[in-house]
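Here chain A shows up in two complexes: once beside chain B, once beside chain C.
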Partner chain A sequence: MVRLSRTFFYSAIAPAFLILLALVIYPTYKVLTYSLMEYKLTKPNASSFVWFHQYAEAFADERFRWALGRSLYFALLSVLLTLVIGYAIAELLRRDDLKGMCFFRSVILVPMLITPLVVGAVFRYMYDYDYGVVNDIIRRIGLQKIPFLGDPFWALHAAVLADVWQWTPFAAIVLLAGLEAMPREPLEAAALDGAGFWQTLWSIKMPLLRPVIGVTVLLRFMDAFREFDKLYILTAGGPGTSSETLSIYVWRQAFQYFNTGYGAAMGVVMLFVINILSTFYVKLSKTLQ
Partner chain B sequence: MAGKRLERYLVYLALVLMAVVVLFPLALMFRISLIEPKHFFDVPVSWFAPVTVDHYRHVLIDSPFPKYLANSLIVSLATTAIVMFAGTLAAFALARHRAKNKDGLLFFVLSTRMGPPVVFAVPMYVMMINMNMIDSRLGLILLNTFANLAFAIWLMYGFFKDTPPEVEEAAMLDGLGEFGVFTRISLPMVTSGLVATATLVFIMTWNEFFYALIMTRDVAKTFPAQVPSFFGAFAVDWGGMFAASWLGILIPLIFGMAVRKYLARGLTMGFTQ
Partner chain C sequence: MGHRGMLWVLAILLSAVLLAGCGDGSKSNEGKQTTKDPRRAYEGTTLHVLLKEGYEINVIQKYVQEFEKATGIKVQLEVYDEPTTRQKYILDATSKTGAYDVTAVSFWYFPEYQRNGWVEPLDDYMANKADKDWFHKEDIPQSALDVFAAEGKHYAMPHTIISGMTTYRKDIFEKHHLNPPQTTDDIIALAPKLKQLEPNMIPITGRGAPNFASMGTYLGWAWGYGAQLLDDKIEPHANSPEMVKAITDYVNLLKNYGPADAPSLNFVAAGEKMQSGQAVMMFDTTGWGTILEDPTQSKVNGKIGYTIVKGPAGRPLQWIYMEGLAINSASKNKDAAWLFLQWRMSRETTMKELTQLGRTDVPNLFVLNSPEYKKFAEEKKITAYTQLLPEAWKMADIKYWPFVPEFAEIGDAFMAEVSAAIAGKQDVPTALNKAQAKIEDILKKAGYK
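On to the complex of A and B.
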């Protein structure tokens, strides 16, 4: 082991930790303070200390509870679809005996590199009721056209699909790495014993892939839970509040209505939810192992 | 044999379908960016309509868009430079030092990346107002630095851990100082990791939208924050929007493909190799 002196160690980590401390500790302290104050950005002098009043207000706020539910629903649905489709693609991409696989393995990376806002913009074009490609296909196969972004049920789901388009590749390449790192013996043994596709998948591949799936779900969930960009340009929470997630609602309260204090209180709740969910998830996956 | 052949065709068919789903939106954007406005609303899309470069000319010459692209470049480069400097040093120290509190430090680093931007944006916005940094590139660089530092530290930590410390030990025995070991021995060993990490930080900063939306107006506005402005009150300038979009996604697309070997590892922050 290389021996680094304490002086070197602390001076080497100093720049990074000073930045993180200044840009994390202070804002965290500030957001907690604001959450206890009725503070409007437009009238900073009229702020007053109200203890936990705004937290109580948030939980009594139907729009807040709805947004929390929408965020959870968006994240769960997106993660689930991403994982299932991603796994199927990983199995396809694993067939490196086929010619041209290099091309497909590169193509799959493209969606992750595209600016999320641009993804939202092009999906908005494709979802249009009158001239969108998606509705053109739906009409051609003889189904009723769907007002994707104008319908309270469809708006959020349309955004989920855009998210799935962008992030399924993430699940696919991570699972592909997992599949390729898998030992060959158990699979060959299973094939010799005449195990079917589902049996092999369920009792051999899944247990071996569990750590990889665990990481994918955790990272994807945290990302999907706070998704903002695509929702902003696709629906901005509409129609009405039907697709309004926490990120959108907190942004509205804090940056459109300038209710800084209330936005901060809801943000703190959001942090708590993420913390509780990720801790719970990590514990759960540890007990399962 | 016939069964195997059929299976192969089915796999290819599925792969081609996947490629179409992935590439179609990009092709559509590209076609619309080169089409006359009267064809915006054609059903089906007029793939063979005459080509016009009017939208690109408009966006590049008659609009402030080049300024926003330049801002994107400045902010992304500066962020990448700061993040890589501070992040690599810290990662090296953490990877090579036996400190009792190391795990705690690493966890603290990770935790700074867990919070949603919208939450931190609330106090940051007030801070930026007080420091007079609304609509300033410096403010945006600070925010992006904060957003990406944890990522860079974790990733570089993994890359340093992958290299054997023996070479460094030998160099130290030969009397090279710690900083000399870092710059002359350790850094050259992780060059590809360094390039990959820097590229990913650059891409993430380039694609960042939320902070740009709330913190910038015009002077420091970056390209993603300009895209929504093509939605007019009465009509959408799809051609202009997709021309601007294509200009904007070109750099992350090229850079990302250049480091595609590292994408899985990078995007899981080093959790998968």
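On to the complex of A and C.
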């Protein structure tokens, strides 16, 4: 075995370490530092160290708590729908007896390749009350048109649907890989024993797919929880604050009002929420396994 | 190699990374006048110009090569949306790097820029360094210049001057023998009539999105009722009786006779209802004249009437937006930047803006009073708009605007509540009481009380 010299080893990792230092370690350190300071970018000379005051202020801020709740709701609903629809699509794509599946396996990736900002802009037109295609279809089938972006109930749900449209292919592809890697024997044995569709799904496929579902849920949750682009373009958090998630509120505080310290504290909370929920989910999955 | 050797390797790599970011293609030629032609005195300089997107920059983007040819100065344009433009400039201004020589400054950010010393006073340049062909101070409306003034000094050249105007579908009004609205009461009375007469149309459109960019509509409407959000002592009056009456009227208009998605409409989306021929009336800015009369952008060109509406207090409704070009106080190329500003405001450039790009609300009195402008307006059949424009500018009263650096936070807080009221989540008095409490809190934190 070739033994690498220490010099070569350190020289080889130095560029990667420097990049990590510049892009991850240092910014994280700065965010943590700012979160303990009352710091406004437009008044840098008036900053002061306030320990955890910004965190206390955030949890006392009604709008922050509301935005946190909206983020959780958005992420959970989006992940759930993505998973259910993604699984149905994966089952369809798996069938060899249907023609053109190769084509659909490629085409289904298209939504994922589009920038979220563009998805938001396209859906904004699609949801338009007066000339959007969605309301046109609703009207043609004889139903009452829906002010998707102007109604406090619909605004967030309309954004969830746009997110589901974009990311269901991801779930479908990952679950398809899981389904294809699944051993045939348990399925064949279940068929011989006369197990029905739901019984096979719950008792055989789901337990076997659990690790794949785990990864999908984890990645999608982290992504959906910090969703900004589509939501901002679609609703800007409105009407009122009905669809204002934590990402939008943090953006407003940090980059519109330049309350850098407060924005940093809320960003850290966001990071912790993702971390805690992800850890909890991973542990729960392991326990169930 | 031992630990010391490793440290050297790391140090060299780190230095290389740091030094790579230090290079700057531009060089300061300040004061190095190499030729006798004053316009070519800064030849070889590179100017970094930060612009906010909008129709007022089209002329810069299209004809900047002419400036480069005339001066030998290279211009690097960077164009962003408004929040990004501000973020970029604030990062540059607070670090005093002078990465941008010229910046666009919206009037609502001006107090913040001026108080922090981020923009250069232009009075000395105007008095002593004017290019006789490019700069004529008398061409620039004094009121617009004064918007960007503080403590007796002027800081920006206004290339966007926008005030409030109500637009309506002339053809629909003529069809039903209706008189154009003169007062807010007229608009309130016309909306139900129009709903009855034209059931497939939207009687009135307007902004309702929950952000500060919509606030101008509401405060401008309320100004007509005698309401003012912040008084001279920076005291908030979001729930004064006049404000409650004004906002109730406007919210009811949008709720009952406006687009169903009104609580989410921003400047573009609200105006689209007019451009596409769906809406009959709109109270917004004079800026819409150029768009609505452009057949490439509008289905209703030639069918629009314009009017200035007054409120119950006898005051005209307001919607002010001004944007100027300012020189970064940390710039190393201030004289070259001043040349650029003069070229932008020149008769020559502004005339091209009118004749080649079709912009009707050009910020130059010489061009506005020229035979070319008159001919252009007659040819395009927009004399109704062009004749009303100077009057609308004259009626603009900056006092209606909460002219404090915290206006964005105030505007977002105000509009979040009003937008929820349009959506029917709460009534207007409740919304304004909540807005008042939030604004008091914002001002207190900013140190006003």
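Of note:
The rule is short, and it goes like this: the second predicted complex is superposed on the first by the 280 of 289 C-alpha atoms of A that agree within 3 Å, B and C clash if a C-alpha of one lies under 4 Å from a C-alpha of the other, contacts with A are read in each partner's own complex, and residues count from 1 in each chain.
Basically, a contact is a pair of C-beta atoms (placed from the backbone, for glycine too) under 8 Å apart; a residue touches a chain by one contact, two chains touch by 3 or more.
Computed from a predicted structure; not experimentally measured.
Of the two partner chains placed by superposition, only chain B is touched by A:L23; chain C is not. Shared-chain residue A:P15: touches chain B and chain C both.
After overlaying the two complexes on the shared chain, residue contacts for A:G240 are found with chain C alone; chain B is out of touch.
Using the contact criterion defined above for the overlaid structures, shared-chain residue A:D130 touches chain B and also reaches chain C.
Touch criterion met: A:F255 reaches chain B and chain C at once.
Once the two complexes are overlaid on the shared chain, A:L41 sits against chain B and chain C alike. Of the two partners, chain B and chain C, it is B that touches more residues of chain A.
In the overlay built on the shared chain, the residue A:A155 is in contact with chain C alone; chain B does not reach it. In the superposition on chain A, no contact is made by A:K283 with either chain B or chain C. When both complexes are overlaid on chain A, the residue A:K145 reaches chain C alone and has no touch with chain B. Overlap of the chain B and chain C contact sets on chain A: residues 15, 41, 130-131, 255. Here chain B touches chain A in the complex through residues 8, 11-12, 14-15, 18-19, 21-26, 28-29, 32, 40-45, 82, 85-87, 89-90, 92-94, 96-99, 105, 108-109, 112, 114-127, 142-143, 145-146, 149-150, 153, 165, 168-169, 172, 178-179, 181-182, 203, 206-207, 209-210, 213-214, 223-224, 227-228, 238, 241-242, 245, 248-249, 252-253, 255-257, 260, 263-264, 267-269, 271-273, going by the rule given at the top. Per the touch definition, chain A reaches chain B in the complex via residues 1-5, 8-9, 12-13, 15-17, 19-20, 23-24, 26-28, 30-31, 34, 41, 88-89, 92-93, 95, 98, 103-104, 106-119, 121-123, 125-126, 130-131, 133, 136, 165, 169-170, 173-174, 176-178, 181, 212, 215-216, 219, 222, 225-226, 228-229, 232-233, 246-247, 250-251, 254-255, 260, 263-264, 267-268, 270-271, 274-275, 278. For chain A in complex with chain C, the touching residues are 6-7, 10-11, 14-15, 18, 22, 41-42, 44, 124, 128-131, 145, 147-152, 155, 235-242, 244, 252, 255-258.
Those residues of chain C that touch chain A in the shared complex are 1, 5-6, 9-10, 13-14, 17, 83, 87, 90-91, 94, 112, 116, 202, 208-211, 259-266, 269, 273, 276, 278, 405-406, 408-409, 412, 416-417, 419-420, 422-423, 425-426.
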